[in-house]
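What follows is a set of notes on a single structure, which appears directly below.
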Amino acid sequence: MSTQFQGVIPPVVTPRHADGSIDTDSLKNLTRHLIDGGVSGLFVLGSSGEVPYLSNAERELVVSTIAAENAAAGAASVPLIVGANEQTTNRVIEEARKVIDLGADAIVVTSMYYAIGNAEETETHFRTIHDAVSTPIFAYDVPVRTHFKLPTDLLVRLGRDGVIAGVKDSSGDDVGFRQLLLAARDIPNFDIFTGHEVVVDGALLGGAQGVVPGLGNVDPRGYRNLMDAAAAGDWAKAAAEQDRLADLFEIVYTPNGRVSGGAAGLGAFKTALQLMGIIESNTMSTPMPSLNEDETTAIKVILERNGLV
Amino acid sequence: MSTQFQGVIPPVVTPRHADGSIDTDSLKNLTRHLIDGGVSGLFVLGSSGEVPYLSNAERELVVSTIAAENAAAGAASVPLIVGANEQTTNRVIEEARKVIDLGADAIVVTSMYYAIGNAEETETHFRTIHDAVSTPIFAYDVPVRTHFKLPTDLLVRLGRDGVIAGVKDSSGDDVGFRQLLLAARDIPNFDIFTGHEVVVDGALLGGAQGVVPGLGNVDPRGYRNLMDAAAAGDWAKAAAEQDRLADLFEIVYTPNGRVSGGAAGLGAFKTALQLMGIIESNTMSTPMPSLNEDETTAIKVILERNGLV
Amino acid sequence: MSTQFQGVIPPVVTPRHADGSIDTDSLKNLTRHLIDGGVSGLFVLGSSGEVPYLSNAERELVVSTIAAENAAAGAASVPLIVGANEQTTNRVIEEARKVIDLGADAIVVTSMYYAIGNAEETETHFRTIHDAVSTPIFAYDVPVRTHFKLPTDLLVRLGRDGVIAGVKDSSGDDVGFRQLLLAARDIPNFDIFTGHEVVVDGALLGGAQGVVPGLGNVDPRGYRNLMDAAAAGDWAKAAAEQDRLADLFEIVYTPNGRVSGGAAGLGAFKTALQLMGIIESNTMSTPMPSLNEDETTAIKVILERNGLV
Amino acid sequence: MSTQFQGVIPPVVTPRHADGSIDTDSLKNLTRHLIDGGVSGLFVLGSSGEVPYLSNAERELVVSTIAAENAAAGAASVPLIVGANEQTTNRVIEEARKVIDLGADAIVVTSMYYAIGNAEETETHFRTIHDAVSTPIFAYDVPVRTHFKLPTDLLVRLGRDGVIAGVKDSSGDDVGFRQLLLAARDIPNFDIFTGHEVVVDGALLGGAQGVVPGLGNVDPRGYRNLMDAAAAGDWAKAAAEQDRLADLFEIVYTPNGRVSGGAAGLGAFKTALQLMGIIESNTMSTPMPSLNEDETTAIKVILERNGLV
């Protein structure tokens, strides 16, 4: 099938100076690092971008900084898929209009959170947003955050009706993911991405169009190589690259419970990027602690054995 | 112990016109109905106020409308405890400053949501907010929405350190609630409220200072009577009034699964207030459906047997 | 309403020798301690009795030992309510027949576990068991173990139809508990017990007939005093006794995460009984660790301030 | 690495006559159907075998019937991996000894259930069982039933120490599954099976040794073909066969909520086997309802388009 969006589309992390302010120079470096690494798009204001922690002014600064650096890449520039992250329908619409004005080529929308909805309200939610905005919408299925799993039949119906242009799946439900791939196979320009870093080969074997790996901040080229191998039908090579990336993913376990799950993963990506000289500091958004020296040392070992420092 | 805030503090619902716009006349009527009903405070921008669904402009309109009507009550006016409802620390602080400017006497803050935190980050969250704002802070324990139960020892520590002035408990954990009451008994000016409509007598018997019942929109006088009976040591009367209010609470079950849990409870409160002539319409915030004619008829029967219409 | 079963009905713990074998002498001592403490019945083979960990032979030994000691109490003997703890319907029936043969006056049955059922299957489950056995059946609502909350309307329907004689509630859902009390108020000989140690006063104020407190092993007289105060309408005294028992309940928190939740609570009850000289050892069932010396010392302090050693 | 157990090892369903008794003739037919279908082993007394619902006598009858039929296959006979399904350690050991006496070549053991344990107790649980029995042990990770996810580091440690010979994964956690495959790659004779019917190609690409698909009762040859394609490195063919099997798996959704999740899946397998003439009746264990005529018709359509009737 034809696709609008595909390939490696990493969720861009948000660098901060040690004083906590957004580090736009590092963000530009990172944007170039990703484009140079062969990505096909950038997922901006995602969970890996610490979107829940950004103030409205910071969200605007992040999108405009990435958009400017991406535009500066000229022919190499890639589509921007931007999160419109808010609790409920009308708040999402307000947020969506802001990020579209800043240059989003598509937006990413979750089901409601904090609010307690159901499937019917979720359907109304997506249809109402679609009626109000002009860009393609990706449904973001992330029940670990929203505590609501987007039902496969709802996603397929919204896809067939042109309400959504695709799905970013971080549901952790590989069975449902495969069933979605099969059920949506004949919908034109409907693109399904996995957000899970270590099962990309299997997702591609099942027919996924793209991947949104947080770890892709650290090693965009690795994910590009994996995807190229899969596209060429060299599945043994794809699996070998996936296994290597799964080893690299061990950086997220270095805090071993010292910090929250959120702070561990994002902190590891930031710390790796700092060690690689791409961003200045591994400072996290309040109230998350940054990774410490021991954790940084452990991450360096993993980067070294993967040839990244 | 001395208390700053106590008694019946209902979470004020947000009336809308049939076209979906905020109905400020109905909101003023409702505010007077509550003050006349003997409440000791108003909880503004709570879950029952549909705060997750209100745009920023609507939130401002709701607080300013209630504040004006409350001020107009002169000597009868009551404290305003206002929700500062946002995902993470810095976003809460921005929201808190807005509602304090609009007249909040205290603010209500949950743990983070959508963001995935832990106890340490939650402690930093509350301490950082306390450092940034000037009003008392109530911790709002509502794991059905935040998916994080505030630990009793954390609440007690924050209370002893003056970070929080109390707790609004909607945890559904009556064992933890009793243990919190005991553990916090000697903290001066630390006030603990239950948000559960049908177990208020037991909560008061255990030592709670106040109650934040959504059903209190419909029958503030009933909760006031319950509380007065408890204060007078007439527990048989308190329990009898509680049993009557538990029967009245059956209005929230009339949709019987037709709508989401959120829409059922709030829809029932709005429908009852409409039937009582206090608000104009039972229209819900998008994407929640409003209760229908059958449900309205069923609610009328329950109101009639409780002498409210 | 008339009741068949009421009052304090503690779930009897199962003492073991240090070598892990069942300690029948200690079990006899404990049985006498409970009867002398003023209990109205004994709940045998409950979760507090470590029933999941007992082999079939051990289950038989425990029931027959308690039954013999209870019979020896003559006029002071009390009804035995015995758990028929198995995964599914037909396995429960086999188990029920065994414990009825050993002297059970009533049996206690949960919804299915490990098996994944729903409300309809659960209704068939209880009706099929009722058709197969001759004693009254208590439904045991313990979703923390079964991961299925027994719906209030199902319990009421089973009660009205004479399928169950009552409910032992360990659901942690105090709102549902109050609604059950109200909805079942007019069913003759339908008895509702709370299993939560620290909210007994509120449960009795709401109309509960009995209490099944694990902590009642340690202080049966305290619960009897609480219940007598409630029966006399002296709610201030009931609440004061409840607060004292809530302080005593702190013994279960002494391991502070060192052992599993299951091992902490039961281990604390056993350790307290050992310190009080009622049982010989605080040895737990495999694979649960027993509480250690530090924890024992901390428990002793709590027992001392409550006048139990 | 060398393996002890590998390939397609379907969890054998348990046929019943319309009167509810075990149908040993159908069970023999089914056993031959599976062996003729090219399976590498039989998983007996699994969840798909309705083990939670079988009485002890029925469990014995099922194992001995399958063992006899398997023995009769002579050179074609396959290893029997048998569930020792009980709540806690000592009860598992008793159960394990029974099934080993009946011919089990390996046993399958879950973490405790109904009992509330933790990782330490779970480690003791497996080590104690290993010390007591003579056959290889597979850890069965099925948190949807046990409500405890077996930690990857625990499984690896138990594997390295020779306590377990492998893992049957029904965790639904594909990320954890891949990490287990990587972490256990160098443990000799340690075999990892997926229990998820529709992601077998990805699991094999990641290095899994085997598959335990409930759907394999219906189409053992399909899974054998998938596995042979994967072994030959023909991943496009493996994925195509997986997609076909995912379509066949749609039979489990025909009840569409009419019955519980447990009854829907197993009922669909039984109904398909009945339509294929392999078993006599689709009768389910009490209290599960059997699939009805409409559902049977819908299943027939799916079987027909997959060439199975």
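Lettered A, B, C and D in written order, each chain numbered from 1.
In this section, a residue touches a chain if its C-beta (ideal position, glycine included) is under 8 Å from a C-beta of that chain, and two chains touch if they have at least 3 such contacts.
Note that the coordinates shown come from a computational prediction; the quantities given were computed from them, not determined experimentally.
Participant: Walk from chain B over to chain C along touching chains and report the minimum step count.
Facilitator: 1
Participant: Residue numbers at the chain C-chain D interface: does the shared fraction exceed half, giving same, or fall under half, giving different?
Facilitator: Looking at both copies, the contact residues mostly coincide.
Participant: Working from the CA atoms, figure out how many degrees chain B turns to land on chain D, in steps of 5.
Facilitator: 180
Participant: When the C-alpha atoms of chain B and chain D are each averaged to a single point, how far apart are the two points in Å?
Facilitator: Going by mean C-alpha positions, chain B sits 50 Å from chain D.
Participant: What whole-number Å value describes the gap between the mean CA coordinates of chain A and chain D?
Facilitator: Result: the chain centres lie 35 Å from each other.
Participant: Can you identify all of the chain pairs that touch?
Facilitator: Listed by label, chains in contact pair as A-B, A-D, B-C, C-D.
Participant: Taking the touch rule as given, give the residues of chain D at its contact with chain C in the complex, in rising order.
Facilitator: The touching residues are 52-53, 55-56, 85, 87-91, 94, 112-118, 120-122, 124-125, 128, 144-147, 259-263, 285-289.
Participant: Would you tell me which residues of chain C are touching chain B in their complex?
Facilitator: 172-175, 178-179, 182, 196-199, 201-203, 205-207, 233, 235-236, 238-239, 242-243, 246-247
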